[in-house]
Structures are given as C-alpha cells and as structure tokens.
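What follows is a pair of complexes built around subunit A, which joins subunit B in one and subunit C in the other.
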Partner chain A sequence: MMDSIEGFVNVILGLLFTPQIFVPLVYPGLLTAAVMAIVIIWLERKVAAKVQLRYGPLYVTKRMGGVTQLVADLIKFFFAEVIVPRDVDKLPFKLGPALLLTFSLLPVVALPVSGQFEAFRSDATLFLAVALLSVGPIYVIIVGWASNNKFALIGGLREGYLLVCYELPVFISALAMAVLYGSLDLVELVRMQGPGLWGALLNPFAAVSFLVATFMSTSRFPFEIAEAESEIVMGPYTEYSGICYGLCMAYSYIKLYVKSILFALVFLGGWLPTVWPFTLDPTLPGLIVAFKAAAVMLVGVFLRAVYPRYRIDQALQIGWRPLFALSTASLVWSLFMVGVKVGGWV
Partner chain B sequence: MRLGLPDIKAHVRASETALKYLTAKPRITVPYPEALLELPQGYRGMVKLNVETCISCTQCARICPSNAIKMHKRERKRLPGINYQRCIFCGFCVDICPVIALEFTDVHDLAFHTLPEHLFEPEGFAKGPPPPHVARGTRKVRTEIDEVRGFKYE
Partner chain C sequence: MTLEVVEKHLELLIGPQHPGSGHMRLVAKLDGDIIVGFDPDVGFVHRAVEKIAETKGYVQIIPLVERPPLVDCVNVNLGYVLALEKLLGVEPPPQASYLRVLAAELNRVASHLYGIAIHAIMIGSSTMFMWPLADREVLLELLQDLSGARVTYSYVIPGGVRRGLPEGFKEKALKAFRYLRRRLRDYDDLFLSNPVTVNRLRGVGVIEMRDAVNLGIVGPNLRASGVPYDVRRAEPYCVYSDLDFEVMTRREGDAYSRLLVRIGEIEQSMKIVEQCLDKNPSGPILHESFLRGLSPKARAYMEQTGRVRFPALFSALKPPQGEVSVRVEAGRGELFFYVVSDGSPTPYRLRMVTPSFRNLAAFRHVMVGNRLADIPAIYGSLDYFPPEADR
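Moving on, here comes the complex of A and B:
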C-alpha cells in the first residue's frame, strides 16, 4: 500500500519536473508570474508612494512593509460579485479576461531559462515569443467593443492606435538582434552573447527601442493611455468587476513580466555569466534570468513615479517617429556590424 | 521629416528628481493610528454643541450650505443635530452662532461602521465626537515648517 502511494507521488513529481509541464505551470510560467506580479505591483505602489512622500501599502503584514496587500486584494476580488451588464456582448465579454491572461502568459513556453531546460526546442523561438505576445492586444480591443460602454470603446480604440505603433519597433528591433547573431533561436542567441558581448552593448539602439516599446505595450507610464484612469475610468476594462477585473489588471503586469524575460534573454545575456559546471543544473541560470527580468520590471514600474501621462497623439508621434526610426537604425547597425564582422565572431 | 527627438536631458532630470525623493526622509502623510497630528489653533474639526448656551435661533441650520444641520424638537427648546455624511467642515455654523454655543474640536475621525452612526442628534452632538482612534504606542507629532522641504514632523 505504502509502496503504491510512494510510487504515485514519485510519478506525479517526475511529471511535474518534466520541462513540458514545469515551464508553463511553475517557472517561468503561471506560479512565478503570479508571485512576480504580486511583488511588482506592491513595489510599484510602494515606490510611487515613497517618491510622493507617502507611505503606500503598510498595514497588511506590517513587518514586511505590506507586501501581502496584493494577496488581500486578490481575495477581495474573488469574493466580489461579477456583474455582467444586460447590454454587453455576452460571449466575448465573459471570455475576454481569460483569453487576455492566457495570451499574455502563453509566450513563456517559447522562453528558455537555461541551456538545457526548455519546454520545446525550435529554431524560431524568438519569432514565436514576439508573435504570441502580439495576440493579446487584439482581445483588449475586443473586450472594449463587447463592453458596450463609451469609455471602454474609447479605451479599446486607443489600444488599437497604440498597438500598430509599438508592435512595429518590437518586431524590427527583435529582427535586428536576429540579424546580428544570425539566429532566431533564443538558446543560440544567449550562447552567442557568451564573451561579455551582450545585446544591449552591441546594439544599444535595438535595446532602447525594444524597451520603450515594451513599456508602451504594457501600459507603463508615460504610455498608460488605454486605461487612463483620470480620463476614461479604466479604459477597456470599465465594465468589469470582481475577479474578471483582477484578470484584466493582471494582464499588463504578466505581459510586462514575459517581455522583461524576453528582454533579459535577448539584450542582457540571459543566464550568463553562468560558467560551465553550473549550466548543467537549471536552478542558477533560472535565478539569474529571473533577477535580470525583475530589474527590467522595476525600471518599468519606477516610471509611474517619474512621468505624467502622454496624450494619445504625443504617444503615437513618439511611436512612429523616434522609435520607428531608432528601430530601423538598429537594423541598419546590425547589418553594418555583420558586414564588418566585429570581433571576428559574428 | 521632423523626427521629434526626445529631450534626453529633461528625461534624465525627471528621473533624477524621482530618485532623489525616493531616498528622501520626511513624508507628507503620517501613519494614521500610530502618529497623531497635533493640530493648529482654530482647526476646523468636528463640531461640539453646548446645550446650556444654545438659544434655538436656528441660524446654524439656515446657514449650513450642505443641509447637514437640522433642528430637533426637545422638551423646552429646539436643538441642532448634525449629519457627518453631509458636513463639509466649512465652519459657517460656528461662525454664525450668536452665543458661541458651537465650537470646533480637534477630532476628524470620520470612519464609522454604519450610516446611522454618522447622524449626531442633539444629545450626541452635545457630548462631542468620539475620541480619535489610537493604536498602542501612539506618538504625537507636530508640523514644523522647514525652509528647504516645506514640511517636517517632530
């Protein structure tokens, strides 16, 4: 009897630690994303409060500075009534939040967190990750339309305008890195950054345009235009309540988390500088990637304390003029670097 | 085509300012139950009624811009009662009272559990607002005007 239970537990544990299950569910998937989102939202509120000379969340677990405030908020969301207004388009309205979160988290299956431990190996994982990331905003527009509310509609349309102007620089700067390293495989990309030649150093133009476009796509300040709380209530998510609103709110943070991992892999050397004996075990490389991603996320949430909000036309101008020009310049720079064979290795 | 390049210097300066305040020590707000703000003279907090002095002139109820004060009939005279759901703390009632029957207190804890608790009938109004919420080890802090930062708490 004991043997069979032990065997069962072993089978379950073995199954859990296979990369195909561990990556989407635990790290860098669902569980880590949830913990990261909770911590980063708390940090965002705490940093913004500190800069504005306030205290921020404090009273839930006071000794730790109120870090579990977001858990309390989540529990509150779970017990709040989910209201579906009479005149909304029922099916897309109900499915919207779940699909938003799914498509913001789905790209993690393409992100390797160490050289050996990955959900699946493909020679186009960079393209796959960027392509999957660009699906989510479509559902923002859909929920904005389905809500049958003018604030939601305006918010959805704003997201639609921005979508075109931030996805283009993301794709072009990702392409620039692929041209520079001659590969679309993220594992290969990190391996090529080996001798301290990180992507951000070799092609700073691509790094800057990718980073700014990331903040634009994840509604960080100063590009928090689709949800602009002081103008259009909560943008596309105005009609949502309870846990459905919670999912919508988590969408941009989870997306920020995934894009930060992608940024860490492509521009910050991924799990480097891990040396040989440690690369055999995925723990240390995974932690390094998480640390770098957290640093990028921290920059993103710190901006809330720095900037006011741009108008939609100003943001579009930034997207289409300097950002688009910068990403195109990064592509040209990559071609130049490949042409002169910098360091004799590319 | 004009590229509309961003003003890098301004962005750096904005980030610098935020970083400076991130590490700055004093804060504008005080943690609510642990620190009790010592209020200046003439602070417009919740109002208290002196039943003996009141002459039932109803001036306070008339002047109240938000209809927070209503007169209530008691055995000998009419006495004002106040609804803190409506009060905007303008202080007109205290100013207009010809016999100084109304006076400010330095309490402004407007957190009540139920709606009826917001309503102070003449008896409660005369008793004054409940004392402020305090936690264990509450310290009193006083606002100091600082030349550099504006505010300082001691």
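Moving on, here comes the complex of A and C:
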C-alpha cells in the first residue's frame, strides 16, 4: 500500500518536473509570473511612494513592509461581485479577461531558462515568442468593443493604433538580433553571447527600441494611453469589475514579465555568466534570468514616478518615427556587424 | 426606402462620475479624436450661498462665503469683509491690513500649489500630484499658527483680524520659503522641463489675448494670455500699493503658460509675504470702534494673548442702508462682491462672482479643435474649481 502511494507521488513529482509541465505552470510560467507580478507591483508602489514622500502599502504584514498587500487585493477581487452589464456582448465580455491573461502568459513555453531545460526545442523560438506576444492586444480591442461603452471603445481603439506602431519595432529589433547572431533559436542566441558580447552591447539600437516598444506595449508611463484614467476612465476595462478586472490588470504586468525575460535572454546574456558545471542544473541559470528580468521590469514600473502620459497622436509619432527608424537602423547595424565578422572588412 | 440614422459625431458624457471631470458633466462632441463641440454642464454642487446669505447675520456670512472656494478661503473672506467695512465706513488699523495681505498671499500660494497638483494628475504625473499637495502642508502650518485653523480660517473680521502675529512666526515663515524655493526647483526638474509635460501642454488650449478679454476670463488664465490685469495692481486694496511685486504675464496663452504663470505667482506671493513681515507695523489689530465695544475683561485677554474675542456688537451688526461693490484678486482671479443693505441685521442681497465662474466661459471656447486627451490637460490648466463656480 505504502509502496503504491510512494510510487504515485513519485509519478506526480516526476510529471511535475518534466519541462513540458514545469515550464508553463511553475517556472517561468504561471506560478512564478504570479509571484513576480505581486512583488513587482508592490515594488512599483513602494518606489513611487518613496519618490512621492509617502509610505505606500504598509499595513498588510507590516513587518515585511506590506509585501502581501497585493495578495489581499487579489482576495478582495475574488470576492467582489462580477457585474456583467445588460447590454454587453456577453460571450466575448466574459471570455476576454481569461484569454487576455492566457495569451500574455503563453509565450513562456518558447522561453528557455537554461541550456538544457526547455518545454520544447525549436530553431525559431525567438520568432514564436514575439509572435505569441502580439496576440494579446487583439483581445484588448475585442473586450473594448464588447463592453458597449464609449470609453472602452476609445480605449480599445487606442490600443489598436498603438499595437501597430509598437509591434513593428519589436519584430524588427528581434530580427536584427537574429541576423546578428545568425539564429532564431533563443538557446543558441544566449550561447553566442558567451564571451561577454551581450546583445545590448553589440547592438544598443535594437536594445533601446525593443525596450521602449516593450514599455509602450505594456502600458507603462509615459505610454499609459489606452487606460488613461483622467481621460477615458479605465479604457478597455472600464466595465469590468471583480476578478475579471483583476485579470485585465494582471495582463499588462504578466506581459511585461514575459517581455522582460525575452529582453534578458536576447540582450542581457540570458543565464550568462553561468559557467559549465552549473549549467547542468537549471536552478542557477533560472534564477539569473529571473533576476535580470526583474531588473528590467523595475525600470519599467519606475517610469510611473517620473513621467506624465503622452497623447495618443504623440505616442504614434514616437512609434512611427524615432522608434521605427531606430529599429531599422539596428537592422542595418546588425548587417554591418555581420559583414565585419564574415568579410573581415575592418 | 428605409431611413438610416447615422451618428457622425461621438457624443461623450464625461462626468459627473468620472475621474477627470470634477463635480460637473462635460459634454464633448468628437469627430474622431478632435473635439468639435464642448459644453460644460455645471451646477452639481450649487449651495445657494447667495440666498442663504440673505437669512444670516453679517458676521455669520464670513464662514458661509469661505466654503465654496475652500482652498482659497482667505481671499474670499477678505473680499466680503472689505465690502462690509465699506458699508460700515470702517477702516482697519495698519497692522491688521498687513496681516490680511500676509494671510491672503500665503493662501494664494497654497491655492496655486493645489491647482498645479490637480493639473499634474490630470495629465498623469502622480509624483507632481503628491509633491505640491505635500508642500501645501507647509503653508497650512503657517496659517494654522496664524489663525488656529487648517482650512476655513475666518481670519479676517470686520475692523481687523482675529489674531496678531504669533511669536517666532517670521523665522518659521522664512524657513518655509527657503524650503518652498528649493522645492520649486525640484518641480522644474521633474515636471516643468519634463519633455512629456512640455509636449502635452505647449500650444494646447490657446486663448488669444482678444478672446480672453472678450470672454471675460480673469486671473492667471487672463495674464497667461498677455493681459497684465491684476486687481492688486489695477485697484489696490489693503496695503498692496505699498508693496513691490510683479504681475506675472506671458504671451502664449496656452496651457503651459498658464502653469508657468501660477509658478511665477507663487514666487511673487512669497516676496509679498516677506515684505509684509519686514514692514509689519505694531499697533492694534482691531478697529477702535469695535475695541470700545469689548468688555474690560475681553480687552485684557486681547492685550495678553493677541487674540480677539468677538465683541457682542458683532452679533447684531447693522450697517446703514446702501449698496457697495468690492473687487479683490483671489487665487484664481478677480473676485467680486456686491452687497445691498436695507439697514436690517441681514443683507438684502449679496452677490458673489467668483473667478471660477468667470473662467467657466473659457471652456466652450478653448476646447474646440483640440484632442480628446487634451480635455483634462486644458481643464487642469484653467484651475477650474466647480464648487467655487457653483457657489
């Protein structure tokens, strides 16, 4: 009897620690994403409070500086009534938040956190991650439309306009890195950054345009335009309440988390500088990636304390002119670097 | 044949339950992102101040008129009391006049800081929302020292002020101004020269000089359009004619220039307060006709503590028949009082025209042609305060 239980537990554990389950559910997937979002939102509020001469979250677990405030908020969201207004398009309205969160988290399956431990091996994981990331905003537009509210509609439209102008620089700067390292495989990309030649050093143009587009796509200030509170209440999510609103709010943070991991992998050397014996076990590389991603996220959320928000037309101008030009320049720069390497021009 | 109703313009009802509307409804007609029609629907916080005033004694009206423009109450208080004194034919002693100006200017700074904070949060800068509101605390402390209250001070009373200058007030005020001047540099670093702020506000919501005059806009909004009109200079009251200050004006007339005019006026107000503290003459703080009404005990109390206990005379103040009008420069612009007395203990009519009420005329004019996202940016730049306009 005992043997069978033990065997059962072992099977479950074995199953849990297979990469195909562990990656989407535990790390870097759902569980880590949730913890990371909670900690980052807490840090965001704490840092902003420090700048603004306030305390920030304090009273929930006072000894730890209120770090579990977000857990309390989450519980509150769970028990708040979810109101579905009479005139909304019910199916997309109800499904929207779940799909939003799903598609913001789905790209983690393509993200390796160490050379050995990955959900599946493909030679196009970079492309896959970027492509999956660009699905989420479509649901923002859908919930904005389904809400049958003018503010939600305007918010959805703003997201739609921004979507085109921030995804293009993301794709082009990702392409620039693929050209530079000659691969679309993220594991290969990190391996190529081995001798300290991090992507951000080799091609700073691509790094900057990718980062700015990331902040634009995740509604960070000064590009918090789709939700602009004083203009259109809460943008596409105006009609949502309870946990549905919680999911919508989590969407941008989860997306920021995933994009930050991608940024860490492509531009900040991924799990480097881990050396040989440690690369066999995925723990240390995983932690390094998480640390780098958290640093990127922190930069993103700190901007709230510094900037007001741009107007939609100004943001579109930034997206289409300097950002697009910068990402294109990064592609040209990559081609030049490849030329230097292959042709030995210099 | 079927008739199809096509809505060409999107009508957006912003408020009164909206984070960016204040206590009013803004009806915006949009063509795409451009505003083609704009109509502020006000009156949600109307409190019938003018009508209630007809049922109150003259001294009881002081706290009543203070309520509508809550963050700028000394100036309103001063305006009303000046009108009342004109009816009574009473001239306050010089020290009281200096103290009135001092309190009014401290309050003006607090009011401008409040307006700047609201303007900042309307374009999304949460830091610039918190900073001025926190720094307003410095001025509230000073006013608390002076009057004993943090809001609605009722500091100015007929014939003088309620309290003299407390011990060590000058040092405290100078220290506060050193702090505020340092903070103004911080505001400049973080907000005023922030490229996003400049992009959001420059060239947005322009009111040309001619339009500003025709619409009857007052205060910093008028001065930002290039009209150097300030009641403190145009028709000096209290001791403003003895004080040296600049009337801040700018030419552009856009949202950014209105913000800069407010910042400039904060500096000028601090300069005025410093002069008041330097010149502050000694002497009584209440007019002698009221001093005579005090009991010997109350007079001894006043001499000992520098605080006035209201003379019994105040409760049944009966100005002679007549009508007066008075203008003062409140934080948001020219404030006008018109009081008619029929010789009874209550006024026959009290008319109070507040600066926000005058600036309301700008909304319909200035919004058209701008973008949806500019509505809060312009609204905040006008420093419009709904309770003050509705009264």
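Note that the second predicted complex is superposed on the first by the 341 of 346 C-alpha atoms of A that agree within 3 Å, B and C clash if a C-alpha of one lies under 4 Å from a C-alpha of the other, contacts with A are read in each partner's own complex, and residues count from 1 in each chain.
Assume contacts are C-beta pairs under 8 Å (C-beta built on N, C-alpha and C of every residue); 3 or more make two chains touch, one makes a residue touch a chain.
Everything numeric in this text was worked out from a predicted model, so none of it was measured.
Of the two partner chains placed by the overlay, neither subunit B nor subunit C lies in contact with A:17. When the two complexes are overlaid on their common chain A, residue A:306 makes contact with subunit B and with subunit C alike.
Shared-chain residue A:230: touches subunit C; no touch with subunit B. Judged by the touch definition given at the top, the superposed model places A:291 against neither subunit B nor subunit C. When the two structures are aligned on the shared chain, A:321 is found in touch with subunit B, with no touch to subunit C. Once the two complexes are overlaid on the shared chain, A:53 sits against subunit B and subunit C alike.
Contact comparison for subunit A: of subunit B and subunit C, C touches the greater number of residues.
Touched by subunit B in one complex and by subunit C in the other are residues 51-54, 305-307 of subunit A.
Of all residues in subunit A, those touching subunit C in their complex are 48, 51-54, 150-151, 154, 221-222, 224-225, 228-233, 304-314.
For subunit B in complex with subunit A, the touching residues are 1-6, 14-15, 17-18, 21-22, 24, 26-29, 31. Across the complex, subunit B is touched by residues 47, 50-55, 58, 302, 305-307, 317-318, 321-322, 325 of subunit A.
Those residues of subunit C whose C-beta lies close enough to touch subunit A in the complex are 10, 12, 18-20, 33, 120-131, 134, 190-191, 194, 196-197, 199-200, 371-376.
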